[in-house]
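If you scroll down you'll find the structure; I have some questions about it.
In order of appearance the chains are A, B, C, D, E and F, and numbering begins at 1 in each one.
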């Protein structure tokens, strides 16, 4: 079995805010991230699929197809968007790096796991070069 | 003469919008950057000062001091902010990478050029790893 | 148990082509990679060995020795070569990133797994900064 | 005046060979680069334009337009090609990093210098992360 | 379960030396690393914690808290220090990359594993961009 | 004219200390860098030469030769050394990044400027990814 990984980037805004809390509580917990005007990042999305290389093509998956799936399911939805205000899964869930990794997994898995012989193995999301979250699905 | 450079990063939101234009015109010119909800980037600020190394310390400038100046004058003002909505110089000037480089220069120059024997030589701002603007002041 | 990893790079040419197919079929499946003149990459080879640090030296393996093994078994064989035309394992197997990772594993494993107390744990091959394949051997 | 830079990448094959020399002479001068099967690299093309930011848009040039110019004039011509065999300017000129930088300049300058108020300022080509050539045109 | 990773850097000196050996033996085994004047590196420490994102905050851990723990337990102790001479765990254990990874794990685990619902999952230490050691604790 | 650049790395120790000052004064000015046990860095040396590409080879200089010059004149002298204690030019001059750039220039210039048609154009030294000094010689 081989794992094949492709990276893509998107630029988005977000903020951290819990409506059930006071402004003071939000600022105490979330610090500068609680700024309601939003701030943003260049995110890197790293998608790993696992499978056997096809005996004829040598591909686990066609990397052009994987790029298109990533673009259609995640990058095209998140890029140049305000995650809290424009992406449905973050209407009530705070778009932390952890939650973005889980959300990207849920968007990608139905497509990638029906591609025959391959399965989604790992989603990693970098918020900056120094911070990233990784999700491998539930056992 | 030696040039000494220090980098720092900040994460901010922005959008591109000209109030004198219709929404259609803004979208035609600025594309996805015209989204009024904003989107964001991890910016890298690269500040270069020029001077002679001090004969005793070997420093063109004290790098700790340069870090503090960059933090006080630029990073602390732009980081985790929406540039259009919260930073005065972008109230009427669109925060393109080019304009951010000029604005950072104007914030840094009065401090750095009064530090004795050293002058601000160059400001470079990366919006992503693949796009950057560089300003060297006016002759 | 500790995993110790070392990276090296090589520059090589390749193309994707299946002799059993027509030129049209090759171009439909492989796109620009089907160009028979070849194209190339700066590959990064990342080799991970697992073991216990030696109580006296603190080494899982001597990194100089690991570098020499990587050079002799893989880098020296692939670097500045046309993989399809000059490397035996790619005479009939298409040198995709996936297949290069498996081939490098097969070249490295006999040497690394006879070094006493250490075993080859993982081979990762980057074709570009955004695409990589990883192989951990067969269970 | 501001300098605005954009990067793009292309993957290509090449070799170093002088037809006027014997094989021995070619190998003595060019070493492993003289392999006629070719080898390849992931090149990075870095294009810098200089100008004043437009008072309305804040752009020196539209970065989407610059990307399209780079794609049409250079990346689309060099990517996934064997430079010696498929790119006209390298039929008789060896595609060293230095010569690729000059050739990219010559392809880009006629387009970029007729875009009004902007001029091509610098072309930098990376063959690897550790080797690059830079050209600023002739005075 | 999600894995959340944060990176930090420190700059330190070290040498490789076994007091039980002659100088000749030390030089034969450790090469240039046996220089008793020391040499140094910019190390990167990469700490991964595993847990469930909190339903309210979306955090596996507060990244500001994780940064403070890394600073207090490891970075503040190792940075700008000579590891052999000034860090207790390396008085008798050679500060190889492998041993630094284990030592950082031992410093971090007691704090991170008492933070409720989260556990230290992985410590990776880069000595250079091309060499790193990874430790996941004992089973 | 073309500028051709090559990078190399070396790992070294240093400290900042002025013998004419008290320990307190050294610590006040140099902070943690005044630790007499030394600390270290992975330095990157970036050497740029300027010239015309040779009409036959396409080279400004032979990059293998440039690598050998850099190794012999600088990297082989500084690597795995304590700069203050083992490198003559830093016996009385503090090895700041600025001074290392000037010292590397002085070591390289006599060799590179006698190579016929080429001249040393720029030396850049990175102490970390975020700090670098650049020297272009005296006019």
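Rule of thumb we're sticking to: contacts are C-beta pairs under 8 Å (C-beta built on N, C-alpha and C of every residue); 3 or more make two chains touch, one makes a residue touch a chain.
Every value quoted in this text rests on a predicted model; they were computed, and no experiment measured them.
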Chains touching both chain A and chain F: B, E
Repeated interface matching E-F, over half of the contact pairs identical, chosen among A-E, C-D or A-C: C-D
Maximum centroid distance from chain A, chain identifier (CA atoms): F
Where chain A and chain D are represented by their mean Cα positions, the distance between them in whole Å: 34
Computed distance of Cα centres, chain C from chain B, in Å: 42
Chain A and chain B, separation of their C-alpha mean positions in angstrom: 29
Residues within chain B bordering two or more other chains: 129
Overall pattern in which the protein chains touch one another (line/ring/star/complete/other): other
Those chain pairs that satisfy the touch definition: A-B, A-C, A-E, B-D, B-F, C-D, C-E, D-F, E-F
Residue ranges of chain E touching chain C (in the complex, touch as defined): 16, 18, 20, 29-31, 93-99, 101-102, 129-136
Chain D-facing residues of chain F, complex: 1-8, 48, 53, 56-60, 63-64
Footprint of chain B on chain A - complex, ascending: 9, 11-14, 32-33, 35, 37-42, 79-82, 85-86, 128-129
